[in-house]
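Below, subunit A partners subunit B and then partners subunit C, in two separate complexes.
The block that comes next holds the complex of A and B.
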């Protein structure tokens, strides 16, 4: 039983790292612009398909495909921002519709370009077992976790210490005041979208390395990312990691102690319980109304 | 007194009328009828891969039928049901409004049930190979027909496991209708024959199978792991098993596993894994029907057909032939298509097909194949086997 539980915790931890990587971009845009990008999962999937195309057509190692995925997702995210920034009224609701439309277009684009077949990396090393005592994982899962930690730490430092990071936080806190301080909110919001796209690129390449991709996957990724973003609390980057790991571990323990059929239910129940007890999420702060 | 000119005019008129009538009658057998047939399938969404495969097979059937049958022509109208039940119903209703004579297609018992119900209400025959759940044929739909079923898959899986002499089996299955139906049925049959069988269900959204495979490795310790799911599930389970290396004799799957596509796409995960397969790969077709199918498929799609195309072809061809027979007998408008299908008794690419009163094909028995050296070898039943089993049947 101990071995079973230890493996469940380890698998949950690694899965949580993967979730955090996927959720990071959505959390950034949600935190700065209060926009839920319903096409975020499709951005992640786009990067995964770029990695697939690089490996199958060009013979590249999938990790090397990040140099192609970054501009692809960055430009797409910039395009999304351009359309979202044109919304004049009810931005929060209308952006939901707009980004949902983007999601549908991207999903069907993937279907047209790459058909509905399932794909994953054929790199043997990425799939080989990494054994740490009684704990097992794939090399790709451990690598994805390490990348996730590095990006989270980097993003957290950037938001806290860099001028642009502070500008982003300023725009998120009060757009008009930020403008008075000489910060261009439009450009800052564009930066947050492009950065979210870049984070999605890393998430997508990691997903291709350890998981299976198909066009219909995007929606599920967006939902997972959204749950984690809300669990974390608005604007909390460390909260994203904590929420993702909590979700990953709860799911793994449910599978081990109860049934794999209840895994998704666990996520939803956790979502509801946390919101009931902590309406601002695990690390969110209460905001003054009015 | 009748003058000579007056006598000849009526005779000439009668002769002309008789000649015209004769020419009309002689033209009737040469008249080619065009039949509009609807295809409702998942061309996008989660089931797009299997829906497109079946769609290709149905198209090939129409192509081969139109070439072989000079008198009648099939025109297909396809609508994407986007892998969702609501859209499947809407697709059936739209096809009915367009005047189709019958509907073929459908994938996933969850989507087929409401679509078949809609077709039944509209008095349209619904023919499929994409739904094996038993509830589809026990709902009393007089216009529902299918060429394969859970029992056929069950017989194949149990036959292979019996041949292996396994004393214990762990079944990992998706909670979708068809996989649940099959898994629980196999578990019951194994238990009845004295084989210990543990079942572990999983949500279709699950991606990390290590916790469940670890549970099987440490607690169940089976001889065989049976997987009942779809392509993405098999990849996840096999990846997790490859990491944890449970000491099993074989990894066995059902549909969508023993295919050339899986061997090409996942060469590290497929070696020695078992799955259902109608034909070996590379396949050779001995019958005229098989050759026509293979040639037309290659011409239309520039690739080798897989099991989805084979099933799509058989379901399409049987339906088109029934429509043609019903038209020739003048019973199209009087439920003739369903009647002709019930009279069907034919050898096809998937074996003998007949339809029982509930629309099921009682003769369907699948075969088991094994991935060996990038080929698929049929290993069960013995009379169709093209090679021996390789042990251990695991990709590590």
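The block that comes next holds the complex of A and C.
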């Protein structure tokens, strides 16, 4: 039993690394533009399908597909920013509906291009077991966790130190004030969208390397990312990582102790509990919502 | 003025009667019309929450599914007559909305996704609670809708669906015209200012959630008896969310007739054209339609048509949209 629990904790930890990348993209855009991109999960899935296409049609290694996935999701995210920034009236409601429309378009686009079948990588090395004492994982899971941590650390440094990173935080904190300080908010918002797309590219390729993909998965990814954002509270990368790992571990424990059918339920219940009990999240600073 | 108040009702009844006279014997046209009317009912419920309550919901599938399961189980297990079952379905959906009331203090995306979380929880509950719902195997042989004398089953169901949606529209109009409706419309402009004037905004929004959920639940129950079969992925499916939202936005979610007219147009276009053009992934075009509407004219086609008519009319100044 102890071994099973340890294994669940370990799997949850690795899964949490991947979740953190997805959630961070959503949180960046939410920070600068105060909108939730309901098509964010579909961006991740788009990268996963690019990896699938590169592997099945071109014979590439799925990891090399990141070269194709980055421009694909980056450009799509830029296109989304362009349309979202054109909304004038009732921005809060209309941006939700607009990105919901994008999610429907992308999901059905994947369905048309790649059918409803589930796909996973055929690379043997990625799926081989990596044994660490009593703990097992696939090579791909450990690799994606390591890449996630590296990206998160890089992004943390960039947000804290670089001019653009600080500009992004300034726009998130106070858009008008940032404009007075000589920051172009429109360009910064575009940057946050493209950055979210780039993170989604890495997350999507990782998703394809260690899991199965199907067109309907995007919505679930968006919801997971939002759950993590709420858990973490706004404005902290370590918080996002911790919340993502918490969600990953809770899911893994549910699968181990109860049933895999309840995996999704865990996240939802965790989400509602945090929303009602700790509206500022586990790590966020107090701030009024809405 | 009295005639103007009733002209919409009379026109809807006339259109329904004409439809039955012309195509009452054609089961295909009847079934796509019934599907369109049910989409219209959910679209109206969604628009009521969006317009009067100021809240976007991506979880109306929760209410549709809850209403369907309550009615199906009551009629199957307890022998309740079908019309009573539909009323119980509506009440059951409203009851299920009570657990969502805490979500009302959330706004915008938080509310939208909290409701979505509830819808997922309901679907998983319906799948896992096999002793009552029979889980993914589904419920079959659900008692059928009563057939009105002189009509065949399809035409009768179509008439009943039309009357149900008309009843929703009348209830919506009554709420909008009431004191509460006035306060709700004021809240749309500034909720804080309305609260200062002594309006209990949370209570009113909660009532709108209950009314909206009861409407969606009644549609779900009606649909369960119409098709006679239920399973969780269908009853709580995403199509109960996508199609009504696109329909309401297309027609104009701040108007009374917009969601229903939008549902008739969008649902029929989806059935007759989109599925023809794109057998796989026909909802692609629904998504495109939604994106295009939000970018080009987010208040929908009905207000747009109103503006055009006003501009054409001599002496009209073309000002003011069709805002409710």
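Criterion: the second predicted complex is superposed on the first by the 287 of 290 C-alpha atoms of A that agree within 3 Å, B and C clash if a C-alpha of one lies under 4 Å from a C-alpha of the other, contacts with A are read in each partner's own complex, and residues count from 1 in each chain.
To be clear about the criterion, contacts are C-beta pairs under 8 Å (C-beta built on N, C-alpha and C of every residue); 3 or more make two chains touch, one makes a residue touch a chain.
Note that the structure is a prediction, hence the values are computed from the model and not measured.
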Partners on subunit A (subunit B, subunit C) - clash or fit: clash
Touching partner for A:36 - first (subunit B), second (subunit C), both, neither: second
Touched partner set for A:115, first subunit B, second subunit C, both or neither: both
Touched partner set for A:15, first subunit B, second subunit C, both or neither: first
Partner chain(s) touched by A:101 [first = subunit B, second = subunit C, both, neither]: second
First, second, both or neither for A:70, with subunit B first and subunit C second: neither
First (subunit B), second (subunit C), both or neither touched by A:93: second
Partner chain in contact with A:262 - subunit B first, subunit C second, else both or neither: both
First, second, both or neither for A:226, with subunit B first and subunit C second: second
Touching partner for A:242 - first (subunit B), second (subunit C), both, neither: neither
Candidates 63-71, 81-89, 135-143 or 261-269 of subunit C: the single one with C-alpha clashes against subunit B: 135-143
Contact residues common to both interfaces of subunit A (with subunit B and with subunit C): 107-108, 111, 115, 259, 261-262, 264-265
Touch list for subunit C against partner subunit A, complex: 50, 56, 58, 102-103, 106-110, 112-114, 116-118, 120-121, 124, 127-128, 238, 242, 245-246, 249, 278, 280-284, 286-291, 294-295, 298-299
Residues of subunit A defined as touching subunit B within the complex: 3-4, 7-8, 11, 15, 107-108, 111, 115-120, 122, 124, 127, 129, 136-138, 211-212, 214-216, 220, 252, 255-256, 259-265
Subunit C partner contacts - residues on subunit A that touch it in the complex: 30, 35-36, 38, 83, 86-87, 89-90, 92-94, 96-98, 100-109, 111-112, 115, 219, 223, 226-227, 230, 259, 261-262, 264-265, 268-269, 271-272, 275-276, 289-290
Residues of subunit B that touch subunit A when the two form their complex: 44-49, 51-52, 83, 175, 200-203, 205-212, 214-215, 218-219, 231-232, 235-236, 239, 242-245, 261, 265-268
